[in-house]
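The next part holds the structures, each set out as structure tokens.
Okay, so chain A shows up in both of these, paired with chain B first and chain C after.
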Partner chain A sequence: MTSLITWFRRNGAMREHAGPVALSLPAVIFLLILFAIPVVQLMLLSVQSGSFEHYEKAFTDELYVTVLLNTFKIALMVTVISFLLAYPLAYYLTIASPMWRAIGMFCLLMPFWTSILVRTYAWMAILGRRGIVNEALLSLGIIDTPVSLLYNTSAVLVGMVHVLMPYMVFPLYAVMRRVDPNLMQAAFGLGAPAWRAFARVYFPMTMPGVLAGASLVFILSMGFFITPVLLGGGRVTMIAVLIEQFVTEFLAWEFAGALSMALLAFTLVVYGTFKWFMKSERNLA
Partner chain B sequence: MTNDTDLRLEQALKTFGNVTALDHVDLSVRNGELLTILGPSGSGKTTLLRLVAGFAEPDGGRILLQGRDITWLPPAKRDIGMVFQNYALFPHMTVAENVAFPLQMRKTAKPEIAKRVKWALGIVELGGYEERLPRQLSGGQQQRVAFARAIVFDPRILLLDEPFGALDRKLREQIQLEVRRLQQQLNLTSLFVTHDQEEALILSDRIAVMNAGRIEQLGTPHEIYEKPANRFVADFIGISNLFSGVVEGRDSDIAAVRGEDGKLFQVAAENIPDTGTGAVVLVRPERLQLLQGDRDLENTISGEVAEIVYLGQSEKLRIDIGEGRDVLMHRQTRLGEAAVEVGARINVGWTAADAHLIVEAAGAGV
Partner chain C sequence: MSGTEYSPPGRRRNWGRIVLGLYCGLVLSFLMLPIVVVFPLSFSSASYLQFPPPGFSLQWYERYLETPSWISATIVSLQVGIGTTILATILGTMVAFSLVRGTYPGKPWVDRLVAAPIVVPNIIIAVAIYGLFADLKLIGNWYGVMIGHTVYAIPFVVLVVSAALRNFDVSQEHAAMGLGASRLRAVFTVTFPQIKPAIISGAFLAFITSFDELIIALFLSGSNMTLPKKMFENIISEIDPTISAVSVLQIVLVGIVLFLSQRLGAGVSPIKS
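== the complex of A and B ==
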């Protein structure tokens, strides 16, 4: 024991790192037991039979490929819509008066304090056959019979964007606040019309925020479960929904494991791509 | 006068709430000259620059650029080159892209852009730095890129907003002279804003001293320093010994001013106001002479040396002349001369020609 301590003392680098290592230990142990080990187990489960048959099935069977692609497509659409809504909002928050900024922040944060289930059911109440939207349209005489607003991709998109948009707004807001307002003035002064100043100066400078927000929203979208189930009504299948079905309905843990691994791999690839973009972006800016 | 005026402000007015940032200012900048707006913070100098650049709109008056009314023109259409306080280089663009930016915005043809960028970077001696990013450059180099970007499109006028503030002292002096040389070489009409009087004296053809939204005095550096129009300018530019008093009489071009403490001063002046007019006598520290033996001058004062700051080639003395008043003296040191010691009683004096008369009452002078 004493020899170990003296070794620690002698080793300068080790002494420097000992503090941070000790501080991060609880979190590391927590993640190891509750996340890393189950993931590895799930992975082992998927190749338990000694072959990659489940993976083969996941990547060749048209049904599962379609679901994977559909998941990708929905995640992409959610990301794009969130971006289009969040960008002007984040910009507004940077120029708003302190009072309006506080109000905006409150509205953005409020969803975080509300259960995702409650929010999703709220959308069902709004979009349902006898929901607020249909009732309003009926009473205004715009439609004769209720239109189906629920249980389709649009409903899923609405619900997901609602939940995920704050993840886009905050990174954008953080980056936009750091953009030197002099740069836009310089651009105007040097002869740039507003939209060109935006395209050449402002937008490129906020790109790190766009990438950070987009990667967060995209990755979270990929694994979304409750919203697609409730607002999609079984008609919009995302991969997380499929995994849940295989576990609870078919008890096919091995295949669920293979699908999970596919999702994980796919997510890591997306994450890596974003990281790579961010890095080259940082090298530029 | 009108023909060689490049920039003209007519009764420019700008208010923020109940604060008047610019109080009906008239100003003309001549073709090819470097005119400095000098003033303390809050004097309105930055507001004036922002009005000219188009980043703010006046509440009254007009701004004319080469005869054209630009008061309501957006900044992008004014053809004004500007060097910002912190340079405002676009951090995500290379040096060449930064300098090319104003040309691209003017839809200049590509070969012409390449030529102009090469020319501008050559002017500021940054050839070979085209592909660097701003953050890979030193402060002085960034400053030069900003200058190149501001002149590359042949602007009608150049605006400089305290562009040397971020540089260390030695580099600042070097870059100041460089900018001045280029400005003269290119015959660029320039409006330069600073709070640094030394900088203003070094660089300017003319200086407009601003205070509380008004131009207190407009003149050459020499006029501003030697013949300040009022107490504010005298105080703001250089170090001043000021004696308040009343004009008591005149003898050809010499005015006699009775100081508050009863002392009589002789001051050379071109326009001497009537007897009884309030006036201030200004004498710069370097105009004071040490009086030894029976040497005498038109103005003398005696006191006790309170403090000496030795600067090598010169020394600065603070002389206590009683009643809590000090006189500052800045003199050359000479070998073989008895050193002045703290605590010694000395006589100092100055000629009538070395003093300047500031008339206090309204309606006179200026």
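== the complex of A and C ==
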């Protein structure tokens, strides 16, 4: 910051820049002290011993490798399932009548704004031993004893898709609304069957929305904590759960720092790839 | 293949549309299911989680109101939420002005720093601040949680306010200055009234973000629990239907906040137009 100020003085630009810089200072200082520096410190802790032993442990010990792979696998599955649910829904919202669009938006936004905890709790009530699904199956005579639907990967997937799917719908809807319907008509007019018009004309045009939604959902999935803990019941461990355990239970800050660094690196790689794709897409257009 | 003539594939497309409609109906029911389920549970007369509820009672709402730990958690959450709203709105609006209007070296870095808390996973923010606050003995204070939530809420305010500022025509401000108003006065009398809806929306967004946030609160609030932390501990240890009553109250509160933001602000739509 001081170097910035001297730079302004030297260039005689002080007066012009002073306002905007002063306006940014409170937030910048706040975020530096309470966000950027603590995060960097956490990262430094992981290599404090002067070696990469904690990273070695995280990437070679079978227990942790399993968790890392599991996190990756769950994030990928959540992204794919969300896409399969969100794409048709987003398309439908663009062609639906105003009334149905309003209803659809309500059903999308109402859960979106509801606390994740409330929703996770509701899933426990739905999937639990005495939950709705079990009661329904019992009364229909399909099963004799309650089946356990909670505390496994499927339950975690249900909960996570429910939370993250709207994040896929929003960018898709925003992109689809701008697609010119005449292009599809043109493809039909030129004799393309519906699937081909979709695959060659419509889908490529919605690609920016697909990429934005998929990377957003993937990034958010990787850092997920509440759903794996509650719906996974300790049996489904993801990296965020591991970080929490190492900090609060084992006070192993250095190892937690290494895990955090790994999570952050994965996140930034996905984010960077997405940004790069969008940039090259824009350069092409 | 007599593909040259164009015949609108009427029947087939209608069928396609019906299938699409049904599919979307299922997806939307999946989304609404947990919300719908919570309401009957909260009015249940059963003493444990049971569906369908055997009868109607208000016992879980009474239990909530009579349990001091639930009430104090609610108060802490409101305190933290209001504090976060004020802090994040002021800091976020200022930096949004700076980012939209200013040109200065290092601006791209300010931009990145301000947006970073959205990209960096919550658990990392929580653990990092926890490390700092444990040294400073700030764990268990409501304002510690407020500071953590402000870090997380600033980007949302900046997003909403800077979008409005970008759409604002600066020449109005210049006109006011041409008529003799000082820059500060021009901003306060011309610009502010027009971007006020966006600032209000940003403020509501900051409140909801804080009020729902669990992970940062889990680490920083100690025994001075926020409502989400209290709910989390309750779900892990006992799961009694009091949570469904709390859930309904929370849904209603967030609904009110969204309604107010729609009426007073520019709304908080997550869809970019």
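Here, the second predicted complex is superposed on the first by the 249 of 285 C-alpha atoms of A that agree within 3 Å, B and C clash if a C-alpha of one lies under 4 Å from a C-alpha of the other, contacts with A are read in each partner's own complex, and residues count from 1 in each chain.
Convention: contacts are C-beta pairs under 8 Å (C-beta built on N, C-alpha and C of every residue); 3 or more make two chains touch, one makes a residue touch a chain.
All values reported here derive from a predicted model rather than from experimental measurement.
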Key: Partner chain in contact with A:200 - chain B first, chain C second, else both or neither   = first
Request  = Applying the touch criterion given at the start, work out whether A:267 contacts chain B, chain C, both or neither, answering first, second, both or neither.
outcome  = second
Key: Touching partner for A:35 - first (chain B), second (chain C), both, neither   = second
Ask   = Thinking of the overlay built on chain A, is A:183 touched by chain B (first), by chain C (second), by both, or by neither?
value = first
Task = Determine, under the contact definition given at the top, whether A:20 touches first (chain B), second (chain C), both, or neither.
result = second
Message = Once chain A of both complexes is superposed, is A:191 in touch with chain B (first), chain C (second), both, or neither?
response = both
Task = State whether chain B or chain C is in contact with more residues of chain A in the superposed arrangement.
result = C
Ask   = Between chain B (first) and chain C (second), which does A:165 come into contact with in this model arrangement: first, second, both, or neither?
value = second
Inquiry  = Give me the intersection of chain A's contacts with chain B and its contacts with chain C, in residue numbers.
reply    = 188-189, 191
Query = Across the complex, what residues on chain A touch chain B?
reply = 180, 182-183, 185-193, 196, 200-201, 204-205, 284-285
Task = Spell out the part of chain C that touches chain A in their complex, as residue ranges.
result = 3-4, 6, 8-9, 12-13, 16-17, 20-21, 23-24, 27-28, 30-35, 37-38, 41, 48-52, 90-92, 94-95, 97-99, 101-106, 110, 113-114, 116-117, 119-125, 127-132, 147-148, 150-151, 154, 183, 208, 211-212, 214-215, 218-219, 228, 231-232, 235-236, 239, 243-244, 247, 250-251, 254-255, 258, 270-273
Remark   = Within their complex, chain A touches chain C through residues 4, 7-8, 17, 19-21, 23-24, 26-28, 30-32, 34-39, 41-42, 45, 85, 88-89, 91-92, 95, 103-104, 107-126, 128, 130-132, 135, 162, 165-166, 170-171, 173-174, 188-189, 191, 194, 219, 222-223, 225-226, 229-230, 240, 243-244, 247-248, 253, 256, 260, 263-264, 267-268, 271
Request  = Would you tell me which residues of chain B are touching chain A in their complex?
outcome  = 53-55, 74-82, 84-86, 88, 90-92, 101-102, 105-106, 133, 149-150, 153
